[in-house]
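Okay, so chain A shows up in both of these, paired with chain B first and chain C after.
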Partner chain A sequence: MLRLPPFTYHQPREIDAALRIVADHGPEAMFVAGGTDLYPNMKRRQQVPSQVVSLGGITELHGISGDPASGLRIGAMTSLTELEENAALAAAYPGFAEAVASISTPLLRNMGSIGGNLLLDTRCNYYDQTEEWREGINYCMKCEGEICWVAPSSPRCWAVQSSDSVPILMAMGAEVILRSPDGERRIPLLDLYQDDGIQFTTKKPGELLTALLLPAQDGWQSSYLKLRRRGSFDFPVLGVGVYLRMDGAKIAELRIHIGGIGSIAHAASDSAAALIGTVPDRESIRAAAKAAFKPTRAMDNTDHGAAWRKKMAPIFVSRAIEAALARNS
Partner chain B sequence: MARRHVSTRVNGEPVEFLCEPHQTLLDVLRDELQLTGTKEGCGTGDCGACSVMLDGRLICSCLALAAEVEGAEVRTVEGIASGNELHPLQRHFLEEAALQCGICTPGFLVAAKALLDGNPDPTEREVRFALAGNLCRCTGYDKIIRAVLDSAAELRGEA
Partner chain C sequence: MATAEVDQQKKFKWIGTRPVRPDGLDKVRGRANYGADHALPGMIWGKVLRSPHAHARIVSIDTSKAEAMEGVHAVITAADLPEILSEESKIGEGPTNFRDLSHNVIAREKALYHGHAVAAVAATTSAIAQQALEAIQVEYEVLPHVLEGDDAQAPDAPILHDDLFTKGVEPRPTRPSNVASRTEMGRGDAEAGLAKADHVITRSFRTKAVHQGYIEPHAVVATLGEDGRATVWASSQGHFMIRAYCAKLLGMDQSQIKVIPAEIGGGFGGKTTVYLEPLAIALSGKAGRPVKMVMSREEVFRATGPASATRIELRMGCTKDGKLTGAHARLEYEAGAFPGSPVGAAVMTLFAPYDIDGCLAEGYDIVVNKCKVAAYRAPGAPMAAYAVETVVDELAEKCGIDPIEFRLQNASREGTQSAFGPKFKRIGNIETLEAAKAHPHYSAPLGPNQGRGVASGFWFNGGMQSSATVQVADDGTICVVSGNPDIGGSRASLAMMAAEEFGIDVKLVDPQIADTSVVGFSDLTGGSRVTFATGMAVVDACRDVIRQLRERAASIWGIEVDAVKWSDGAARATNGDAGLEPLSLRDIALKAARTGGPISGRASLTARGVGMAFAVHICDVEVDPETGKVDVVRYTTVQDAGRAIHPSYVEGQMQGGAAQGIGWALNEEYIYDADGKMENPGFLDYRMPVASDLPMIDTVIVEVPNPTHPYGVRGVGEVPIVPPIPAVVNAVHAATGVRITELPLSPPRVLAAMDARRN
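Our next item is the complex of A and B:
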């Protein structure tokens, strides 16, 4: 049976109080939002903070404000179920709503927050295991060890970006607000992530992600398509987010990000460039989607075979583009 | 580490207990309050055996800290029946053999009750998606889904 390690638990009511606790304790302290990612990791001893700072009691971090015409602000502690059940959000940002509804199960969407999903730890078959299992292989470089077991000659970690919301939000050009004792900064999600399984975000130690900002919804359309073993429950092993805007029959703007198949949700820029300014049809979409094969970095560290997942990337890109176009008409 | 004093309500009854910060709600329900109907499966949120309702929301009690339920309303499988009379869900699970080893059953009952409380007339697809977080390794799910749909029909007065 898995048990949590002992820790001191803090329940601040204000953001500044939460930031102070983490500043005082340094790397020994971690924020916890819904707990659905951190607590399993703590039970498996992948993360063992001695100070856990709950964000649940901070009212300012909850709720949605604004409107789609000028952009939405979503507090980091807003639950995934609240987002899933918000009809106005689903109408204005269907790709984002689709991604949120596909995260995990009803139980965990009730507990999990959007902020936690944005900062979901990267995943790997050699990392998401019990302490005993990992000790048995002498650990890996993401936690306590020196080697990457999926690519033993690699100097870097290849754990996989596994949040469903991230690829579509990156395509949408969404932003986040990060707060520290020194103040606040607002950055695009594109600048929040980096291509490394261990240091997968640019968030500084002690910074708190307080809100997600969705762009004004003027004529854009979106979709998210996810590959997983079970249709109702599983992390993505490939997740394609598409965001586009038409100019008459032509595609004026198109952005595609592919998650679940590398340590960052890569842009499929060549596929997008091939379609911008054209009148798309089934053939041209399929031809353009082929360019999505190259930037995907599939390794044998998730469910399903790496070669098959990579082969599926262009197919999912073309299907996701078609789904967004169908919404537009 | 200082033990915390928590006042809460479990199945409508006021309850007080002391807990360590690292004890989960599941730990306290089973080990301190002797409510052993709620089961521990994976302990990591995958299986749903520990499903309970917290302030009307279905959650995994293995991933909720006991210290977080101060002032809250917890409902467990023990609170589903009315006295000695089984809830229609429990009766249909028995009558339609929607269980074998039984370890997932309390979680399924709580999750199914959470679904029917909010949606009295779910489609089969809605039932399947609502119960996606509850794993059963024996029945193959078909009997469980049918038992939930039949319970829903009875609760609507259609059976």
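Our next item is the complex of A and C:
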């Protein structure tokens, strides 16, 4: 069996105490929320923090407050199951609820938190392997090695953004609160992520993601459509989040983000632009979705071949738009 | 020896009912002791160093640094185990050569696959053992490797074994080859039959290696004392197999090894051989401490035995009114690094559901630089059925005949000459097809993008050796002791047969699985044989006890034993002794001390009269025309169980086999990189179906009792994995018009086939 490396486990009760421990230990320390991402990674020695700071005991990080009319605040430690089972949330933000319900398995959703899902490590067939396996290929750029085996001549890492909640939350224009010993900052998710498999967020060392802020729900509709091999368990190989608002029969606003296919959940802006201000029908949606082919840079580093996944992007964009429209009517 | 006959029409009290399973509560509550649960005082941890190359000569192994580490108690290499001569094993499942087995357990001279064990250590903690592995220095001379059966047959292919010459070909080859053997089997004249045909279909099929996917990784605790006696706790499908294999591989006597069976967390054929056990005994001997070894999931995938990857070329023909006239198959099965794929069983079974004028199957066993395959549920048959059952579907379509009707027209039945030797005795092939045809599923309407497929399957029923003892406690309860690990409900079925024999409540029967020193030799749990064969031994042992109970009653009553009969749980005096009140099992047990001592019975036998099994599966799929994704939306399994002792277990076997077969058809595969490294050695990336991927699998048990078993039992556990692959593939054809001849049917492959057809 695979075993965890030795580490010191901290259980602070206050956010400030947690921040202090991480500040004291620097890069040796990592926060752990549900542990469903970090602990398997530690067993595979992808991350080996000597200090692990649990957020489970910090009550301030748990729970949902506010209401959809003015926006919701979701504590970072709120479990995915709790979100999935919240009927009011599902009614107001169906796309987000769909995304949460599609994450991994029921057991892992019991443990996993929304904060953890937002900061889910990027994934790759050459990275998510045991240490012995990775040693056999001389490791890779993302961890201990020099080369990106997905694209050996590439100067960057192509590990894949694999969180289901991120594409729809980016489309929704959700925000997060990041806290450090120097204070708090509130940034849109669009500014939290960047297109690199290693440095995939702009979160600074020592910063803690404390809350997710959902926008006020005034006439918006949403959907999330996930492509994966099995009905459960698997990470997305494509995940499309759609957020739209109608003006009569016309689409007034539309935002689409595609995850699971690059290091960031790219916006399908051209597809959205082609539909804004129009009365959508099956043909126009299909035509607009074709433009979603462009922003998807699929590589052969997840389940299924890159060519097929790229081909699927416009189809899933169409279907996700249709699902959101069907909700609206 | 044959057990006394039974009245097949008799009404039973317990047979066919569904009592609570004897192992259920412990498993549900987490109390069951699996292989990794055992611990001993002073126990240390063993780990295996594995080859990072698919094919390499081991130039040297320097273990000195590892041995010098604090906490390291023993390091072993092949040099610590005796050299084993080439010798075919008589026990176990499938062909096993002891020298090959020894070399698979730990590499000698050459590492033959990525993950092949080259050394092992034992240390006070698993962390130290891991560090010690890293301190072992192995110098390899990397050799060219070959991963695919096609490439392995090329004239310039790297040769795995310099002393391997193809068996079964004339003249005897003078050059070594990766083709270990050729076998053939058939009846009539296949070519003449094909020449008579109006329609001949020729197709070539490919399947990938797939793993059984048992949840419990291989695990063992072993202790070898200074007196040279070993005790082994292990999870396996046969502790007598472990004893025999370890004795042979370590140069010990079988009497020096006691193997205690753990509860088993799934096997499906994959636990019919040894990997860790001989290493754990050798490490324990060197360390002077008990040693525990548990594989990681990655080790299970990389270094145990999956099912063969295969390539099958098939020609089948029929007349225009649908009579199968001829068939010819060439089957190439990858064995992995050592000879011994189940191609022989494939050759025997593939045409069994049909009465064909002339058929011939040639099988080739091919070694490649991948882990050695092992048995997997009906070993070899599902891939062969994929070929035959999809071609039969195509022939039926060509003739314009309903696929079940076509199968009925050509079905093998009692008296049909089988391709593998004997004429079929009483079999339920036709009854099973009729039941499938009559099932409402078969005529239910289909939705858009949906299609329906059917397929038949055949599998044997193992006989082999079994033993049982039956003991009577003085409160009149019964302990039934057997030597077969329970992977499919055998404790329940053995207890129920005993309850039926004695005419007592099944709750009064305690079924136990005993270690190698307690019960007589029993061949392993495999071949769908335990309820059949060990069941016969239990019935015989019960009848031995009943004979003694009648003797005790006769002696208590002072009458002749012939005047005592046993019925409904009591001895009853016959003819004229009407005044004698019946003596129950409990009455007699209480008086045992004064009437001759404890009462127990035993039986050991080689079971004859096996009951072969047929199954028909009906599958509905929906195929997404834009993505190629296949969803199984309805599934029905119909199977002749002979007689279902505990129908819930039989249904569980039928559903489990279907689930595994659907996974094999749609998603599962070993993915290797060019260097021979498995890329998906974990349950996240090796994609077995999960609950969300399967519909409720309906079951229909057909009962055509096996006339030679006291309760009519046939083999049940394996045949349900034979039809699913072709049932799914035929359904995909019905939905899309494409016939896919390579597994798995992943969405990109299905979409590519659909696109090719559309263009």
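Here, the second predicted complex is superposed on the first by the 329 of 329 C-alpha atoms of A that agree within 3 Å, B and C clash if a C-alpha of one lies under 4 Å from a C-alpha of the other, contacts with A are read in each partner's own complex, and residues count from 1 in each chain.
Everything below uses one rule, namely that contacts are C-beta pairs under 8 Å (C-beta built on N, C-alpha and C of every residue); 3 or more make two chains touch, one makes a residue touch a chain.
A quick note: this is a predicted structure, and the numbers were derived from the prediction, not measured.
Engineer: Determine, under the contact definition given at the top, whether A:Met1 touches first (chain B), second (chain C), both, or neither.
Structural biologist: It touches chain B and chain C both.
Engineer: With the two complexes superposed on chain A, say which partner A:Ala249 touches: chain B (first), chain C (second), both, or neither.
Structural biologist: neither
Engineer: Could you say whether A:Ala87 touches chain B, chain C, both of them, or neither, answering first, second, both or neither?
Structural biologist: After superposing on A, A:Ala87 lies clear of both chain B and chain C.
Engineer: Based on the superposed arrangement, let me know which partner A:Phe233 touches: chain B (first), chain C (second), both, or neither?
Structural biologist: After superposing on A, A:Phe233 lies in contact with both chain B and chain C.
Engineer: Looking at the overlay, what does A:Val52 touch: chain B (first), chain C (second), both, or neither?
Structural biologist: first
Engineer: Looking at the overlay, does A:Gly305 come into contact with chain B only (first), chain C only (second), both, or neither?
Structural biologist: Only chain C; A:Gly305 stays clear of chain B.
Engineer: Show which residues of chain A both chain B and chain C reach, each in its own complex.
Structural biologist: On chain A, the overlap between the chain B and chain C contacts is residues 1-3, 6, 105, 230, 232-233.
Engineer: Flag every residue of chain A that touches chain C in the complex, lowest number first.
Structural biologist: These residues of chain A touch chain C: 1-3, 6, 105, 125, 128-130, 132-133, 135-137, 227, 229-235, 303-305, 307-308, 312, 315.
Engineer: Flag every residue of chain A that touches chain B in the complex, lowest number first.
Structural biologist: Residues 1-9, 11, 35-36, 39-40, 43-44, 52, 54, 56, 81, 104-108, 110-111, 230, 232-233.
Engineer: For a test of understanding, state which residues of chain B touch chain A in their complex under the given definition.
Structural biologist: Residues 1, 4, 20-24, 27, 40, 42-45, 48, 51, 57-60, 63-65, 67-68, 111, 114, 128-130, 132-134 of chain B touch chain A in their complex.
Engineer: Which bits of chain C are touching chain A when the two form their complex?
Structural biologist: Residue list for chain C touching chain A: 36, 50, 52, 114, 126-127, 130, 217, 294-296, 298, 626-628, 667, 677, 679, 681, 684-685, 687, 689-693, 746-748, 751.
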